[in-house]
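Chains here go by letter, A, B, C and D, matching the order in which they are written, and residues are numbered from 1 within each.
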């Protein structure tokens, strides 16, 4: 079996979820690596958007910032944040990748504070464009490590909307119809969301991991999807491209 | 679901379009020479208690020189627009030390962090201490607030914020679309008192060109009551008029034009120089140690007379040349 | 006495009302000629905006269309209609010049239909940007011929707002505070608006014209301003510049 | 004052953002080759009953070729966005003849006239006959309706229209600002089914550059469900990618790219050729005489296979060279 680390596995899994010809709003780090890997494997026509204005760049390397020069290197357009976010709000953007300090069963994310709002134990940067992307893009994906501190029953602060309180809640709040969390990719498995209950469920389990390990590292009750499988491991080609072309300096995969 | 109809966060500025119009009515439209030093610009146009906004995107095309000068001049009780502000915000936080309070109110969409580089210990201290009043937003919500101001409206609707604590801790309100009867978040117009934007080229009147992404600066320039431009280069008005479709910011938005070569350093300036990751890391590291941090600020900000001296201390022309090679992809390295 | 025609007089009068350093949203024809004349005489720093996107051009000649290439010739910016109208709505534009098929005592303009709306005797182009300019700019000026068919008690269709029904009506409707009609320049005189009643009043009368002539050609009761004078005739310099530099082909002045 | 809370004009299209999103979700984002003839583009993308919009500004940077082709193909019952549409609208009105009805509903801000050139007799006939349903707007109100669509919102507020019959005969509604409690006009989003925009340069995927003023085309391109581009020149995708900040319209808005040299003729094309005032006058004159008008339409539109033949009939390359000299200010004349 090929050697790979958890980050490499997560990036490869994320990459495969991006269909050719689709649009994805990404940040730096793992999401960007996943998008670049997809372009170099099965999805050459994957259309990448960066929040600060980069539209379909030909990335010469991993950007350091969502607004640095790499994000619009040989792009089809170097535009404004408004233009990007409006494309998302208009329904032109299929996927986005987000992270957070906490996530709950409905895919709601916290990146604002841990602890009480008025006297937080940690202040994080805040929403940034995450609330916007998760409100506007059709399908939100999350790449994160899996532990019970992070996967919580209730987020301390609901920065970024998942399915909120459950079925119908997004629509009732005024959020775009049929949008919402789609996949949560962790070092233990791949989670989806039950179409009826809108609660997180396990779709596939990484090699060497058990369902019990996932439940133990999840702070809320999690169920299995109807068809649950073992996650496909990274192929040699994926690993080679990821290591040699996408992230040769190991910014992300060797962190 | 019990949606609040109104966020409980504080609204720091007046969204009234008529109030803003009264200001704009008096603002000069003349093509006069606005060239001055950063020191003079900050002295004249940044007042204690002002609402300040910063152009660019945190470490990209930021007006570092103006941020330093604001700290150096010890401005007080500023309000600040925190829409993906990273290193710029980190600099301003240096004014909240030893009981002094440069920042007192922050509209927060993205602060404290420097993206993948990590969190700023000093920014966290400032934002967790309770000394700064905070209102929550998202980046786009802040952009829409500026757009409302540009349009001369008191508010605009948007579909972000909805259903979240970000909304609950914002100063947004729920409205219903009069046509579809669906819910939207109404965000109040934001007319900053003063902003600083770094550009590639400006003429002496303030007609500016930005190369590459414009982020939110087309709107920020127009929404701001006063605007300080720092520019890599001064070009002639003739050159501006030869290619009017290359202009991003027209002179009538601008109050001061300051020629500051390498003015986004240690941030990235598209086509000019990449970010100095080594120096940004130094900032993040030194903030952990209070004494070392004071010495650092003394060395780089308080102890220098101008931004040019700061660039010299950071390696000057030689360092910039390295960053230029990196920007132009002539050298691929880890930014060090 | 110098020879001049009514159009030349109107353009010269309009031109003098434009202060140096102010902003003016203009169309083609007489308003544009007035603005160009002002720039070449007392107001070199007059800042001209065209609705379609031309910002402070150096006009090489009279434009034919509000959106033709002349309107942004050596401009400081060639921008969008939105950017221009937003500058107006924001309060950055001091003056605008409009016309219309009908005008009433409150400066309301009709450029939509004459006759009943459902079965008009004439359909005109409509508002264009007139409603917008008159809503947003601080001071609206009108250049028009003076006759009782045009100056009516009630416009058949209120296309573009003046003071609507009188004092306070603009503000009540939601229009920007302190904005509204300022001067109406005709072939008979110059009209202003009474600060109390918001009704049109005569500010100055052209040489050879009497107040009675103005009243006879006005379809509503019109009064004199407190200080009423005779309109200053065009100076030789004004006429020379207008004829030789502004409109050498007589597009406007010889129509 | 008894302000109506709602205009009584007809709303021709659905302003629902969710309906539009469902459409955009399915729209291709791929960079595929979209080059085709104007004939094919109109056949494929303009359907009877569609809501149509036209780029440019009446006689400036208009897509004349697409307007002609729509008339030639005898499309029926179109709805139309009349925001300073002058010659483009005049062309379409040629389809409302002899009992046939190309146009059936018009959002009217500026129609019927050709600015200082005078009114179009045919457009007046069409608009006064009662055969076309009309809704009143201003130019900016129409621009804001497009902007709402671009933003993916069902409406936007504005301070125009207020207090007038233009409002009363529009489909706008009054709303109150939730912050200042002042009145605003809410205008419904306009998502045209199909639009035609003429540009200076496009690559084969539809990444476009416009030189000079953009009028409302940045927004029109994004608001339209389907978009036909006619372009003076096809350039390579490589050229587009070499200057990404020169792009105005990204490919994902575009359905068809048609190379049409002189495609704005007899309109003005900035930097290329000035308007042909002689030919525009011929249009205005011939419309006064029904028989002569029919012959004129037969000669210039119905009787030709393509726009290229029309340009030939109007004097071809030689005439264009004259208009080019005029555009470049090499000759100053009365446009004849």
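In the analysis below, a contact is a pair of C-beta atoms (placed from the backbone, for glycine too) under 8 Å apart; a residue touches a chain by one contact, two chains touch by 3 or more.
This is a predicted model, so every value here is computed, not measured.
In terms of the stated touch criterion, the partners common to chain A and chain B are D, listed by label. Relative to chain C, the chain whose mean Cα position lies farthest away is A. We define each chain's centre as the mean of its Cα atoms; on that basis chain A and chain D are separated by 40 Å.
Taking the mean of the C-alpha atoms as each chain's centre, chain C and chain D sit 28 Å apart.
Taking the mean of the C-alpha atoms as each chain's centre, chain A and chain C sit 57 Å apart. In chain A, the residues that reach two or more other chains under the touch definition are 72, 78-79, 89, 136, 176.
Multi-chain contact residues of chain B (touching two or more other chains): 17-18, 151-153, 158-159, 182, 184, 212-213, 244-245.
Viewed as a contact network, the protein chains fit none of the simple shapes, being neither a path, a ring, a star nor fully connected. For chain A in complex with chain D, the residues that touch the partner chain are 21-23, 45, 47, 55-58, 72, 74-79, 83, 86-92, 94, 136, 138, 176-178.
Considering their complex, residues 1, 3, 56-61, 82, 84, 86, 108-113, 115-117, 119, 124, 127-128, 130, 136-141, 143, 147, 158-166, 169, 174, 182-185, 212-219, 268, 270-271, 274-275, 277, 327, 329, 332, 334-335 of chain D touch chain C. Contact residues of chain A toward chain B in the complex are 27-29, 51-54, 60-61, 64-69, 71-72, 78-82, 85, 89, 108, 112, 117-120, 122-132, 135-136, 157-161, 164-165, 169-170, 172-176, 249, 251. Looking at the complex, you find that chain D touches chain A at residues 17-18, 20-25, 27-31, 149-153, 205, 207, 222, 237, 240-242, 244-245, 247, 250-252. The part of chain B that touches chain D in the complex is made up of residues 11, 15-18, 151-159, 173, 175, 177-180, 182, 184, 186, 188, 211-213, 244-245.
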